[in-house]
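I have placed the structure first, in the form of structure tokens, so that the comments after it can refer back to it.
The letters A, B, C and D name the chains in turn, as written, and every chain counts its residues from 1.
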Amino acid sequence: MDLLEYQGKQLFKKHGVPVPEGRPAKTVEEAVAAAEALGYPVVIKAQVLIGGRGKAGGIKLAKARGEAEAHAKAILGMDIRGFTVHELYVEQASEIDEEYYAAILLDRTAKKPLAMLSRMGGMDVEEIAAKDPTAIVRLHVDPLIGFQGFHGRRLAYEAGIAADVVKPVVALLSRLYETFVEEDALLVEVNPLLVTKSREVVALDAKVTIDGNSLHRHPETAAMRNPAAEDPQEQMARERGLTYVKLDGNIGILGNGAGLVMSTLDVVAQAGGSPANFLDAGGGSKAEAIVDAVEVILSNPKVTAVLFNIFGGITRCDEVARGLVTAFGQIDVKVPFVVRLDGTNDEEGRKILADASLPNVHVEKTMLGAARKVVELAG
Amino acid sequence: MDLLEYQGKQLFKKHGVPVPEGRPAKTVEEAVAAAEALGYPVVIKAQVLIGGRGKAGGIKLAKARGEAEAHAKAILGMDIRGFTVHELYVEQASEIDEEYYAAILLDRTAKKPLAMLSRMGGMDVEEIAAKDPTAIVRLHVDPLIGFQGFHGRRLAYEAGIAADVVKPVVALLSRLYETFVEEDALLVEVNPLLVTKSREVVALDAKVTIDGNSLHRHPETAAMRNPAAEDPQEQMARERGLTYVKLDGNIGILGNGAGLVMSTLDVVAQAGGSPANFLDAGGGSKAEAIVDAVEVILSNPKVTAVLFNIFGGITRCDEVARGLVTAFGQIDVKVPFVVRLDGTNDEEGRKILADASLPNVHVEKTMLGAARKVVELAG
Amino acid sequence: MSVLVGKDTRLVVCGLTGREGRFHGLNNRNYGTNVVAGMTPGKGGQDVEGIPVYNTVHDAVEKEGANTAMVFVPPAGAADSILEALDAGIELVIAITEGIPVHDMLRVYTHLKRGNARLVGPNCPGILSPGKANVGIIPAHFFSEGNVGLVSRSGTLTYQIGNELAQRGFGNSSIVGIGGDPIAGSSFIDIIQLFEQDDETELIVMCGEIGGEEEERTAEYIAEHATKPVIGYIAGFTAPPGKTMGHAGAIISGSKGTAQAKAEALEAKGVRVGRTPTEVAEIAASMLGAKA
Amino acid sequence: MSVLVGKDTRLVVCGLTGREGRFHGLNNRNYGTNVVAGMTPGKGGQDVEGIPVYNTVHDAVEKEGANTAMVFVPPAGAADSILEALDAGIELVIAITEGIPVHDMLRVYTHLKRGNARLVGPNCPGILSPGKANVGIIPAHFFSEGNVGLVSRSGTLTYQIGNELAQRGFGNSSIVGIGGDPIAGSSFIDIIQLFEQDDETELIVMCGEIGGEEEERTAEYIAEHATKPVIGYIAGFTAPPGKTMGHAGAIISGSKGTAQAKAEALEAKGVRVGRTPTEVAEIAASMLGAKA
């Protein structure tokens, strides 16, 4: 789960990572009140889950009330690379002396946290790497030992940051690691890590991704989820406990098991089709889950045909068939369905479908045959 | 550093170990006010760093104001096995259903924390062990993995505690381990670990020993040190940065290095003497430290002779000799001194002493000879 | 022979008294797996259709000689359960649970590597050695004994490929689901090493998916060490970057972890990669010679 | 020969620019120890009388091939420094620092045991191999080369015993101070094992004190494994229970850790225990034959 800048900074503050003073705002009035309370100059920042806000005009300096009001008005509702701005963050302006880059993330290849530091901040890490690959220092941390002082010092000295800020940067990295571990983050990134004119070190931006599987122990973070930023189909699926990813095509897809669904997308693409979604109905899918899934798939208006690819293991094909029949009873289905049922109780499943003789539902025996059929029907 | 019950309970509370409500009090008035605020019945408990308070009359139940006042008056100033009661703890009374025993301590042989649980609480752990050795369950904890749920469950099930309180006891043990680690404790002991009539689990007593070497990172705990409970000579030595332990005898001892000082005590005892103290002047002892040390040793009125046993390594014997000369200039020394100087600059040291011709100072060349001499002089 | 589970397996099911644990635990026993115990805190002394339940894994080891643990415990307590099994001296832990927090698994994995025990999963379907033992949720009736070793990050995809192989007359030595999480106890390399040492296995099929660099590392390993033929399959050619495709580990980060890159890495090291499950079975048939 | 430090030692001094670090680091170099580097964060690029100083131990290893580290860092940062040395691949860390918190050492010790590196100390005087190398604060001029291996929890007591031996004409192969803390990196057993393998060592003197059960465990070990004669000494017969006698580890807890119990444990296993430093030297002389 990605957090907005100000949400990330709330977590930073909690763990002692220094950040400038700031307040979130959802309206122009709130933004102006925040600016007045903080004192000018302030920076008004669009809160969206995408980079490149500055270039898109989503970050503006305001030196007085009039400017703050004008910027807040301009930025709220703005579209930044497909994301609508619903919230602002009003922050005390900082005088920039140097910009560094710091991050801690999960390195799944090494199966360890990876800490990174660069003296070249303020641009994408890929950009830094392209300009000067030696400018990014990387260090793995043993999860059982944690981030020690020496990790921070190695990063700081090898990155060649200014001698006078080594101590505060090392301290910040240690607090950042604490945030990473205690908040169950997959990524905490500070870019830029600012050195102000008065040589103070603060996190000027915050990019934080939280492990969705950990939210049961972080109720406050769980409440930070921002439904307004989500795709409506994905939101609908999440609320129903389905694993759904929206794609660009027109063929709705349902399967059981993540690997099989991914494979189904691939086979449909190879057959010349274009999948509209990934939907894993999960192991042991029951009839009600199937009804929910059909609703989610069809709520995407681009869908012109639907493929069910079920290999029954724990999932029983007769349950899936029953769910499909129920769904057809509840929903006015206007597009053709291709259904492939194999595995546990496949014959019973196919019989249920035959008995129900649903309109425009085609049963296929193999995955490949089903893919070809749905591509043909989708047009 | 040992903490008083109420100080330990402050740490417990901070880490979520459940404790009854209570307030410390230094006067009868404070105790009565605390009792009134808490509501009767309350228990008035002597706060001393020694066990056996209950048997000595240092723990009393008060059901009304008059009783609270009377008990507070009786207990304040009481002598419990050599310790004067300077503070009280006034605590809400608990209805006892069962008494367990729980502790986490450093097992230096295994070099791991050791967690212990018994269903037989309310008596000394040695007493439990004597009554039923199988009643105490012991489990080591890997310091890098920490106390997991399974540790708690194993302790609870193997100790055979009541099924309905397994969960709260496991939760309490986990909080207790957190206290142990985060407060840098050498011991956290809860005896009794109480199950109330309403089947709630609370720590009714708290015995906490903090690692003195960790106090730099625990300023609040460091402030809990209770000078009133310390021996005046030990307090004086601590304030001067000397390592001093008071003993029962009459021969004052100073040496450099803990091992050599211990060995000196042994050799003096073998020669028929009785040491008055352990005093390690430390590696690289300077003249001022020697002056401080002489003052501390002589502040014990039982001392009838003093032995200096120095084997100079980093410590230079000439520095020690100079310190002794200075001390004799500042202090009116009435007892004989035996000085053995060996090692770095020993000849210079002996020459300084010879030149100063201090009254009643005897120089010996060997440790054994010095020990015999001081025993003879001490009378 | 077979790998990891077989006739010597003495299984304790952590979470046997739960709905899933009970269903699959009994299912595994029906298949012939020696399910010696269950573990559910607070239910010690009970039994599940004759399988004794203990409060701790330590008890199950001590009283029943369990050497393998299957973890069906819900995500919040699963890492604790894996650590308990390791602490109790269990040699092989198979964690079925999906949704264990990554930081829990980081600690578990690092701790695991201090000892000699093995962890398969989490978020995996388990291990089936046809004709010998089934530990997990793999529907065993699709598979028969044979000479193909199958290792996969995905469950149902494995069934699909296994079934395609079965239709062509091939059986399996063992089917090992290593799971779809970013931090998995066992890697492709770990399992391929076992198949290399297994007499029965003549061909190895590895079934990867997007995310991480395991398949790329495995390609290097195969080129240097594998003596038996390996066939690859990768799911997720059409997956967009930045989206988690069902499995927590199935995500393309930037340009890393694409199916294309993985397939190419394998092919660069001489591993044939099927582009559909059907093609995998066809390649296998061509290599081993058609049977049925 | 000698144990742990000698002609192959390439020493980095952590805290070389501090008062103590500088004094003893230079002292060690004057003795002939190959002091290749110092480490003080922020002082990289400086030098101490020609010894180059680095910001990290990693740099000292990379640039100067350091294989041994001596830690003189103040207690609050000492555990960090030991971990840094281990992380940098140092094989032997000698920690002189007194007053490191026990919980820091618990973590360091547990981590240490995951690898193959060795830690001596903390709160120890270091290691002297007379005529070869001196790493630490032992005053080397009292000691000459010889055949007595000395291992001790105490510093000055070691000098006292070493001196008594020297007066009778005996020198030392190595003198190893294992330190007076409750959690020490190396035990008596660890060092006795090394002396057993050392050709030069013919007799071993172990110098214990009150607290813990190391001496008792060592008695068991000697009985089972030692082939060379061992003489014991224990300090603290007159120490009262519950009082820390200078060293953090020198404390009798309840009835555990008394000098009496330790001496008896050693004697029960056939180890002769001297009751005074002088007696230890006399026993050694009687065993090896008077020399001077």
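Note that in this section a contact is a pair of C-beta atoms (placed from the backbone, for glycine too) under 8 Å apart; a residue touches a chain by one contact, two chains touch by 3 or more.
These numbers were taken from a predicted model, which means no experiment stands behind them.
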**Request:** Spell out the chains that contact chain B while also contacting chain C.
**Result:** A
**Request:** Please work out which of A-C and A-D is bridged by more C-beta pairs in contact, and write that pair.
**Result:** A-C
**Fill in**
Looking at Cα centroids only, farthest away from chain D lies chain A
**Asked** Using CA atom averages as chain centres, what separation in Å is found between chain A and chain D?
**Response** 54
**Prompt:** Between chain B and chain D, what is the gap in Å from one C-alpha centre to the other?
**Reply:** 28
**Item:** Residues of chain D touching at least two other chains
**Value:** 107, 111
**Prompt:** Can you list the residues of chain B that touch 2 or more other chains?
**Reply:** 142, 144-145
**Request:** If every chain is a node and every touching pair an edge, decide which shape results: line, ring, star, complete or other.
**Result:** other
**Fill in**
Chain pairs satisfying touch are A-B, A-C, A-D, B-C, B-D
**Complete:** Per the touch rule, the chain B residues reaching chain A in their complex are 144-145
**Message:** Under the stated contact criterion, what part of chain C meets chain B in this complex?
**Reply:** 41-42, 44, 55-59, 77, 80-81, 83-84, 87, 107, 111
**Item:** chain B partner contacts - residues on chain D that touch it in the complex
**Value:** 75-76, 99-103, 106-107, 109-111, 125, 137-139, 142, 152-160, 163, 180, 182-183, 207, 209-214, 217, 235-240, 243-250, 254, 259, 275-278
**Request:** Spell out the residues on chain A that touch chain C in their complex, using ranges where they run on.
**Result:** 106, 108-109, 111-113, 126, 142-144, 181, 184, 186, 211-214, 216-217, 243, 245, 247, 255-263, 265-270, 275, 278, 280, 283, 311-315, 342-344, 366-368
**Prompt:** Which of the residues in chain A come into contact with chain D in the complex?
**Reply:** 142, 144-145, 148-150, 153-154, 157-158, 163, 166
